[in-house]
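First chain A sits with chain B, and in the next complex the same chain sits with chain C.
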Partner chain A sequence: MPDDTQLMPRGVRRCSPHQFLLWVLPWSALLAFGLYSAGLCLVKGLNQTNMDNRFAFGLWIFLDLTVIALGAGAFFTGFLLYILKKSEFKAVINSAVVIGFICYSGAVAALLVDVGQPLRFWFTFWHPNVHSMLTEVTFCITCYLIVLCIEYVPIVLKNRKLSQIPSFLVFEFELHKLMPVLAGVGTFLSFFHQGSLGGLYGVLRGRPFAFREGFAIWPSTFFLFILSAAAAGPAFILLTTWLVSKISGKPLVRPEVLPLLGRISGILLLPYILLKSIDTLIWIDSTSPAMGFAAHQFYAWKPFGAWILFAEIVVFGLLPALILLRRRLRESPAWLLSAATLVCLGIALNRFVMTIQTLALPTLPFDPFMSYLPSWQETATFLAVVAYGVLIYSFSFRYLTLFPQEKDLSC
Partner chain B sequence: MIACAVENNVPPARPEATPRTGITWMRVYQISNGAPFPENRAAFIPILCQQCGKDTPCAAVCPQEAVEVDPATGIVDQMPQRCLGCRYCMAACPYHARYFNWWDPQWPPGMEKTLNPDVATRMRGVVEKCNFCHGRLHAARARAAAEGRRELHPGEYVPACVEACPAAAIVFGDLDDPASEVARLARDGQSFRILERLGTAPKIYYRTTRPWVRSGATNPCGAGNFARGPLRGRLSGGPSGSGQKEPAHA
Partner chain C sequence: MLSHIIFLGLFYAVLAVVSATVAVSLFRSAQDFRARRAEAICWQETFPDLPARERVCRHEFTGELQHLICDQAFECRTCQTHAALLAKHPPGAGEADIFGLNFPLDRFYHRGHAWAHPEPDGTVTVGLDPLGARLVAEPEAIALPAVGAHIETNGAAWHVRKRGAVVRILSPLDGEVVATGGAQNGWYLKVRPEGGRLDARNLLRGAEIRPWIAREMERLHSALAPANQAPTMADGGVPMDDIAAGYPDADWDAVCAEIFLEP
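Our next item is the complex of A and B:
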């Protein structure tokens, strides 16, 4: 097994190449199987999935909305570090950028498999319908993925071996000067596409379960998605940092960093839950009845009962927000990690409700409730995105400096 | 449904297709009054694109303008050649009247000779729906142009379903013309529209004299049909019965 120590950052220790290979192999196998499944969908068509004319969206759209919300840590950490000058976040910014890159590139890859005519992806840029939320999403996600690529490049160029090439070093230095500008652009783009992802469903007048009134052209879900993604992003970075630290067996950030991420998440989560509750009450009281639907009847369909609303607002919202806002609780790792897990699960549940529950509920009075179970090809493609993320992160962690404090903490 | 499929080159369903993956521009639902035999009654409600006239849900969401509302006719047009296959329009349609081509179209050997030369077939991965037989509209316009006319005569163009219905249960015409039969029928007390309160101004009116049909077709979950369950919708290939409809274009 060749020795790759020369490729690793100075002053940090990584597992042996043999151990790394053992870690990487199963994920690579999963990725290969997922790519085969995605290939089947591309070659044979979307008949390989269990989506249908009623369940026009399925597991992949749920995946896209969830990973893009979880990947929001990249833009929000960049915003805190470069725009608000909160230098504490320097400890996790590189990791956040890699996570953001993984989430966004994974989502775009899944989207390309999800559309019926992937070769026509450029049509949206050529014939854009400026009134469509999906146009806004497509434009902003594409632009932001380019921003994330540019932000990722300096991290790669700082690799011990690559930085020996003088021109790379100069290029990296010049790129680094651009970071505040990129962080600003990234924040602007992220605000819009996170919002537009919420708007995707909020504008659906034909789906009274999802439709929301709002401000100007934006439904309330536009603003709720921005706030929820901003709250979930730091929580996901917190979780991944802790997880990587546990798996690698090394301290990666100073002890105060994770509680700080938790506090930021809690500060954003509480107003989100408050606004979400108000929005739900308005929907129950006026929006839904105005369209001829009594809101409580939407929850008559099992298993999507009212418990799902309670879980979303109280168990996965209010509870973790209160934990994260209490200093004593968030300084206990068990409470902190439990709360961060609840936040991330809550965001996933919210995206599930918006995508899957919305489509399962009938709108025609004589139409039945519909269920949907993803096919193995859909599930494997979904898992391929997960495996892709683990692999990119594993290689980045091994060969790049994702946690600048790790070197000092190892000494 | 058959006339529609033949007119618009809708391919036969693949053996592996289900009622949820097949393509039927017009889909007939059966509803019942829920009473036990012998009082039990059934009605059939054909659902097709309702050609929404206000805030057209599918047109507003399409990211690449593959859906267009023709201001001259009010018909909501779908352009499969420009469709990305994202299916956002399908999620947006409250009537579930849009269909995705999950497979490439295939006809049994020899049957391709029966295809309508005025209508292009659609490829795998794009969405399609009822367009009031645009092939017929174009042909009628071409005939009128050849005769030096800019306007069509009433009844000069009708969709295939209107022509094929043996019970003459479907009336087609110009809703904007107050003197037309459809406009007159749409105004009388027996006509109603499905999901009218969504505010999308559908152009399809249904007619019935039976209160339970009207109630079953218009009362969404708020009336309790949602949870009670006697009015169960199911796909039916049978002829339309007491639930009549009057497609009309404005």
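Our next item is the complex of A and C:
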């Protein structure tokens, strides 16, 4: 095996090339299998999936909404560091950018398979349906992915070998000086597309379970999606940082960094849960009855009983918010990590409810309850996105400086 | 129709802003090269990547300040704290023999282990201090700049390869190279300083040298210690002429990076 030490950052230790190969191989195999499955879907069509005209949102849309929410840590950390000048977040900004890049590029890749006809992807920009919320989402995600690519460039250019080329380092320096502009643009784009994903439910009159009203053209879910993503982003960075630290066996950030991320997450999660609770009460009291359904009717089908609402608001919302807001609990790693895990699971559950559960429930009294289980092609494509993320992060961690404090902490 | 134009205009404006940001960065980079700022920028960019122990302020060595990490990339010429402390306590004469190494007091020392000696003809001779010289003793290769080349303070002055590790030696001054030497000459470069005279405010001298070298020896011992073992220090004696020969198992790239301030 060739020695790749010269490509790694100095002063940090990484596993041997053999160990790294053993780590990368299974993920590569999973990615290859997923690409084959995605290829089947693209070549043979969406009949390879278990989605149909009635159940048009499946595993992939759930994946998209979840990873985009979890990837919000990139824009929110950038906003805190470059706009609000909170320098503590320098410790995780590079990792946050890589995570954001993985989440958004993974989501775009899954969307290309889901929408189909990837060679006509440019149609949405040239012939935009300006009446669709999803056009705004497409524009925002594409623009933000470009921003994330540009934010990723300085991290790559600081690779030990690449940084020996002065022009790369000078370009990195000049680009970094303008990073507040990119962070501002990223915040603007993220804010709007997270909101627009939620805004979709303002026009979903045919789905009384998910339909929401709000202010002017913005339904309540517009704001709830933004707030929940901003709360989940730091929790996901916290969780990934801890996980990478455990897997690599090295301290990556100073001990105060993870509780700080937890605190930010808690501060945003509490108002989200309060607003979500108010929104749910309004929906139970007026929105749903006005559409001809008593709210309890939606929870009459066994798999999606009222427990799911309780779990979403209390177990995955209020509980972690209270843990993260108490300093004593936040400073205990077990509590902190449990709370961060709950927050991330909570966001996934929320996006699941807003996609899968929404489509499974009947919309007319004589409609049946619909069930959906993804096909193996859908599942493999989903897992390919996960494998892609793990691979990009693994290579970035090995060859780039994702955690600037690691060097000092490893001495 | 108007709302459509606003909607699309907004997003194409975002793309325009992003493209303009990249274009401005490229334009400014080209300007930096034209204005010979590239070396200084490279140093500024990599300086924060050095471990904190390598970025300690020179006034911490002398006990004037405590726990201060330099945030000026060792650019003491523009540092107000340095100017104030220097006016208050100019460094004393000091001594030349430090841990058995000879540091002549007629010259100035850069934190990256180069020295600068002003000559009567207005040029400045640049060499490697005794500790640096022992680390790269009998190098495999030396790459000196061409006569007429411009070097910048904290930029790469020349490169040395030792046991596979390529080390760049930082320049102690700005100026034009007028002659090149080598290890056998006892000096590496003769430089005509920019502005006609050596601005030595960023360089160490006199009584500052001993506490600095004491700290450097500590760092060297740490760098030479095997992984996961505490550094052990020799009880007496002086450093070998070729330190690398005494540590065949050491990661020489890491050792040189530590001492020559390469992130």
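In this section, the second predicted complex is superposed on the first by the 409 of 411 C-alpha atoms of A that agree within 3 Å, B and C clash if a C-alpha of one lies under 4 Å from a C-alpha of the other, contacts with A are read in each partner's own complex, and residues count from 1 in each chain.
To be clear about the criterion, a residue touches a chain if its C-beta (ideal position, glycine included) is under 8 Å from a C-beta of that chain, and two chains touch if they have at least 3 such contacts.
Quick caveat: nothing in here was measured; it's all calculated off a predicted structure.
Residue contacts after overlaying the shared chain place A:404 against chain C, while chain B stays out of touching range. In the superposition on chain A, contact of A:206 is made with chain B only, not with chain C. Of the two partner chains placed by the overlay, only chain C lies in contact with A:173; chain B stays clear of it. In the superposition on chain A, A:253 makes contact with neither chain B nor chain C. When the shared chain is aligned, chain B and chain C each come close enough to touch A:128. More residues of chain A are touched by B (comparison of chain B with chain C).
Of the two partner chains placed by superposition, only chain C is touched by A:163; chain B is not. In the superposition on chain A, A:380 makes contact with neither chain B nor chain C. Residues 128 of chain A touch chain B in one complex and chain C in the other. Looking at the complex, you find that chain A touches chain C at residues 5-6, 9-11, 13, 128, 130, 136, 139-140, 143, 146-147, 150, 158, 163, 166-167, 169-178, 181-182, 185, 188-189, 401, 404, 407-408, 411.
For chain B in complex with chain A, the residues that touch the partner chain are 14, 16, 18, 20-21, 29, 31, 45, 47, 55, 57, 60-66, 82-88, 90-96, 98-104, 123-127, 194-200, 216-227, 231-234.
Chain A contributes residues 45-47, 51-57, 114-117, 120-121, 123-124, 126-129, 131-135, 138, 200, 203-208, 289-294, 297-298, 300-301, 358-359, 362-368, 370 to its touches with chain B in the complex.
Listed in rising order, the residues of chain C touching chain A in the complex are 3-4, 7-8, 11, 14-15, 17-18, 21-22, 24-26, 28-29, 32-33, 38-39, 41-42, 44-46, 48-49, 51-53, 222, 227, 253-254, 257-258, 262-263.
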